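Multiple structures are listed underneath, in C-alpha cells.
Each of the next two complexes has chain A plus one more chain, namely chain B in the first and chain C in the second.
Let's look at the complex of A and B:
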C-alpha cells in the first residue's frame, strides 16, 4: 500500500457538510416512529418469555434476567391453542383456495369472455364487496342452524375421516360462508390484473381451437400466478383473522371446533386475573401462520404488486 | 380450398360503422393485402374473417362454406397477431403444439414430429425449449408464424405481423413471408397500414378508408390507375402531387398556373368544374433554368412547363426529392414535389424549369374524389419495359 492511509487525509467537514436542520428533523422522526412501532412488539416478546413474578416486578420492555426467564408460557399457550390451530387451518386453507379460485374464474368470465349483461353482473360483485358483515349475521346463523343445518348433516361423514372429529363438521358452513364472502373482492382484484393482459392471448387460444375453459386452465391460470400470490396472502390473512362469522357459527371459545381467533381472548384469563405472559405467547403464536405465508409467498407477492401497478 | 368471399359485410359498434357493406372475392392461394389508415376497418374485417367478431350483416364464405356462425377453430384458418400473442409461460415447443392439440387425426408422437418439422422449416428448431421472453423480436415472429403454419390451414390471416420489427428485419421477414406463402400455397389475407408492405408483398391490394373499400387491384394498378383521390394519395412515397383548381375551356387552372389539357382528357372531364390535377413526383422532369440555353422569360416556356424554385433538397442517394415552389409565391406551401435521379444535382434556391408530361397526369373530380382520367399507359409495353 503505497497510498497514504485514508484516515490521514480524512475530511471531517465533509461529514457534517450535509447536515442541516431539515435532515436532522427527518431522521429524528424516523427514529421516533421506528421506536413507536417496535417497542410494543419488543415488550410483547419480552413479556411472553418472563415469569409472572418477573412481569410484575420489571419494566414491561426490559428483558428477563436470571430466574425471570421461562419458556413455560409459550409451551402452555401452544397446548391450549393446538386444537384451535388445527381448526383454523382446516377452515382457512380451503376457504382461501376456494374464494381465490372462484374469484379468478369469475374475473376471467367477466373480463376476457364476451357476453351480455356483463356490466350488470360485475355491479353485483362490486355490491358484494360492500355488504357489511353485521347485516348478515342473523340471517346467516338462522340459515345454517335452522333452514339448512349442513353441519349436523355432515357430522357422521366428517367423523369418519382420519384425524377429524365429528365436531369439525361445524367448520363446513363457515368455510362456505367465507368463500361466498371472499369471492367479490377476489374477483375485483383479479379483474384489474386480467384487464392488463393483452386480449390477443385469449384470441390466439380461440384460433388455436381451445375452449373457454381450456384457455382458462392452460393459458390464463398459469399466467396469473403472481396475482394468485397477492390475493392468496390477502385472503388467507382475512379469513384466518376473521372473528365475527366464526363467533356466530361456531359459538364460543369453549366449543371444540373454535378457531384461534375465538380461543385467543379467553387464554390466560382466569378468576385470579390476567396472565400476561401466557396471553402474549398465545398472541405471537397465533400470528405465526400468517407470517410464514408472507415469507413463503414474498417473491410472488412483490411480483404481483409490480404487475398490477 | 381457400377462396374467400365476403358479401355485403357490415360491422357496427354501437353507432359507429367500422366496416360498411364490404364485398370482396379472394382467390385460392392469393396474397391479398388489406391496407388503409388506422381506424379504416381493415383489422375488423380480418377479425370477422377469423371469427373473433360477428358481422352485423353480410356473409363470409371460405372455400364455399358459410362461415358466419362457425367458431374460429372450424374455419380452417390461422392467425398471426400484431403482438404475436405467444403464451409467455410455455416453451416454443408448447406454444406451437398448443394449436395442434385440438386437431383431430394426430397421435401424440405425430404432433411432436409435426412441431419439429415446422420449426425446421422456419429455422427455429434450436429454440424449441426456450420461453418466448428469451427470444428476439424476429425469433418471436417466427414462433408466431410456426403456430399458424402447424395446423396446415387453408387461410392465413395476418394482423400487422411485421410492425414490431426494426426496419432491416422487416424487409427480411417480408421476403421470407412471401416465400413461405408461395411454398405453402395458402390463401393469405394480410392487414397493414404500411403501403410499402402492401406494394411489395401483395398479389392484389384492397385499399380501405372509413370502413369502405376504395379499390381492389394489383399494386401496379393501384399505383397507376387509382380509383380515387384517397387511393392516389395513400399509395406512393413520396406522395402524389395534387393541385386543386378549376376548368377553363381547354385547360386546368390552378392558383399559380394553368395547364392545358388534351382533347380526350377534356372529354372525360365533361362539365365538371372543380378538378384536382395529380402527378407522381417521379414523372416530373426538372431542368436547371440557370443554364444559358433555357429561355429567359416565362413567355418562352412550353405549354407544359413551369418555372419554379427549389426550396428543399432531400438526398436519398439513389434519388433526390425536391420541394418546389412558385417564384412569385415563395412563402406558400411547397407546391410540388419532384423526384430526380441521385446524380442530378440541384441545390436549394436554384431556379428550375419543371415539365409535367401530359401523358402522365391524373385528373380527379374535386367534389367526389373519383378519378376522371388516369395516366396513359400501355400495360403490356410498360411491363416488357420493366422486365428488360
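Let's look at the complex of A and C:
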C-alpha cells in the first residue's frame, strides 16, 4: 500500500491505475469462480421449489414466480427419506465416535511413546488410508453374510429396543466396518497433531510417575479437544456421505435399513423419466446434515483435509 | 500385567540369568508393552479389516468362485487375471480409468493452484471465498451426481442453455460416449478443485512473505514471482495432493453409480471400479471381480508406494 510514496511522484497515477486494473481483474475472477461453484447448487435449490410445469417452462436457475412455487416436492422427498435419515444418523454417529476414539488412542500409542518398529506400523496405517475399498468388498460381503452373519444374530435383540425395528440390526455390521476402515485416517490426523505437541508434556508426566493411561486421560485428552472437533467433523461427513459400504452390506435402495445415500439415486425416478423437482429436493435434504456442519465448522473441515495430505 | 511380580523377585543369580530376567523386566516395563493397549486394539481391528480383507480377496481371486456357495481353494490359478487382461471390457475400462486419472488430476492441480494464488494475496474476505470454493467437498458424491445430472440434462440443463445461447446444437453430455467421460471429469473437478486449493494455500502460507518483498524490490512482476519463485516451492503440496487425487480416480465408483442409479454407468465412462462392482454384485462373479480388485489395488500401491518412500526419505512421516 505504501508503494506509491516510495516510487516517487512522477508516475503515481499510472501505477495506481495499473494496480486497480489488476485488482478489478482479480476480483472478477474470484466472482466468476464463486458462480462456478454455486450455480449447480443454486439451480438445484430453485428446481426443488418449482412445480413441474414451472421447471419445464422457466430457466433452470431462475427462481419460481407466483404459481410456480411449491413446497410439495420437498414434502414428498422428506416423507420418502425420513426413515433413511434415521438409519443414516444411527449408523454415522456411533461409527464416527468409534473410529475417532480408536484413532486418537492409536495415534497416542504411536507418537507419544518411543519404541522401535513404530515406523513400520505407521506405514501400515498410512497405506490403510489409501487402499481402494474395492479390494475388500468381496471379502466384506462374504464375511458379514456367510461367515459371521451378525445382523441376523442381532435381529431379535435390536427389535426389542424401543424406536428400533429388527432390520436396524443390518446397520451393526456397517457401523463396525466404518469404524475399522476409519481408524487409519483418524490415526493419521491425530498423529500430526500429537507430533506438534511439546515432548515435555509427556516427559513431565512420566517423571511424576504417571502411568501411560493417566497421561492420556489427564494430559492428552484435555489438550486435544480442538483436534477431536476437527476429526469428528471430518469423519462424520465422510461416513454420512459414504455409499459403497452401505451398498455392499445393506442391499438395495428399497431395503428398510438403507441410509440416505443409498435411497437418493432412486428417488423421483419412474418409467417416464426423472422428476427433477423431487430429485433435487431429496438431494438437498440428504445434504442438510453435512451442510450445517460445514457452514458451522468450515475451518475445522478444511483443517482435516489439509492434514490428510 | 501379572508378570510384573515375577520379575520383581529376581535379585542375584548367575550373570546370564540376570541378563535374561532384567531384559524381560525391561521389556515388560518398556513403553512398547505399556502403550500396547493403545495402539494394539485399533491396530488389530484395522489390520483384520484392511490387510485381512486384502489377503482374503487375493485368495479368492485365484479360485473360480462365482454364484452362491463357497469358494473352492483346491485348484488355484491365474485364470481370472488372464481372462480379465484379455477381455475388451477390462481393457476399455482401464483406458477410461487412465484418462480419468490423468485428466482429472492434472486439471484439478492446475485449477487448484490458480485458485490458491488468486485468493492468496490482496483479496478481502478471502476466507469466505475459500469456504464457498471448498463447499462441494462437504457434499456426498451421491448428491453432487444428482446436481450434475440436472446440469447435464439435455432439454433443460444449464450447460445446454449456454450451448444453445451461443448458437450451437444441444449436446447429449452423458449420452454421447465420446464426451461422457469428459463431462464426468468436469463435474469431479467442480467437486475437488476446492480441495487442491486448500492444500496449495497451506503451502503458500508457509512461504515467508519476505520472498514476495524481495522479488518485488527486484522489480519482478507478480506473475513472474509466482511462476519462478513460489510455485517451485510447492512441490511437496503438489505431490501429496496428486497422490490423493490419483487414488481417488482409481476408486471413483459412487459418482458414476449415482448418476444413473444402476451398475452400468453412462456409456464411455466405465472404469475399473465400476466394472469390478458390477461383476461382483450384479453377476456374482466373485473370483473374477476379486482379480480386478487386486489389480486396482496394485495400481493404487504403485501410486502411494513411491510417495511413502519419498516421504520417509524426507523424514516427513
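The rule we apply is simple: the second predicted complex is superposed on the first by the 269 of 309 C-alpha atoms of A that agree within 3 Å, B and C clash if a C-alpha of one lies under 4 Å from a C-alpha of the other, contacts with A are read in each partner's own complex, and residues count from 1 in each chain.
Following the convention adopted for this analysis, contacts are C-beta pairs under 8 Å (C-beta built on N, C-alpha and C of every residue); 3 or more make two chains touch, one makes a residue touch a chain.
Predicted, not measured: the structure shown is a model, and the values here were computed from it.
Aligning the two structures on chain A places chain B and chain C next to each other without any clash. By the touch criterion stated above, A:89 is placed in contact with neither chain B nor chain C. When the two complexes are overlaid on their common chain A, residue A:29 makes contact with chain C while staying clear of chain B. In the superposition on chain A, contact is made by A:222 with chain B only, not with chain C.
Residue contacts after overlaying the shared chain place A:126 against chain C, while chain B stays out of touching range.
In the superposition on chain A, A:255 makes contact with neither chain B nor chain C. Look at A:210: by the touch rule set out above, it reaches chain B but stays clear of chain C.
Residue contacts after overlaying the shared chain place A:62 against neither chain B nor chain C. Of the two partner chains placed around the shared chain by superposition, chain B is the only one that A:200 touches, whereas chain C remains out of contact. In the superposed three-chain model, the partner touching more residues of chain A is C, compared with the other of chain B and chain C. The minimum CA-CA separation between chain B and chain C in the overlaid arrangement is 7 Å, rounded to the whole angstrom. The intersection of chain A residues touching chain B with those touching chain C, taken from the two complexes, is empty. Contact residues of chain B toward chain A in the complex are 50-52, 71-73, 77-79, 81-83, 85-89, 98-99, 101-103, 147, 151. Looking at the complex, you find that chain A touches chain B at residues 198, 200-201, 203-210, 214, 218-219, 222-223, 225. Every residue of chain A that touches chain C in the complex is listed here, in rising order: 22-23, 26-27, 29-30, 33-34, 36-41, 43-44, 47, 55-56, 59-61, 102-103, 105-106, 108-110, 112-116, 119, 121-128, 130-143, 146, 177, 179-181, 183-184, 187, 211-213, 216, 237, 240-244, 247-248, 251, 253, 261, 264-266, 269, 274, 276, 279-280, 282-284, 286-287, 290-291, 293-294, 298, 301-302, 305-306, 308-309. Residue ranges on chain C touching chain A, taken from their complex, read 30-32, 34-43, 45-54, 56-57, 60, 70, 115, 118-119, 122-123, 129-151, 153, 156-158, 161, 190, 194-195, 198-199, 202, 222, 237, 240-241, 243-244, 247, 250-251, 253-254, 257-258, 260-261, 272-273, 276-277, 280-281, 286, 289-290, 292-294, 296-297, 300-301, 303-304, 308, 312, 317.
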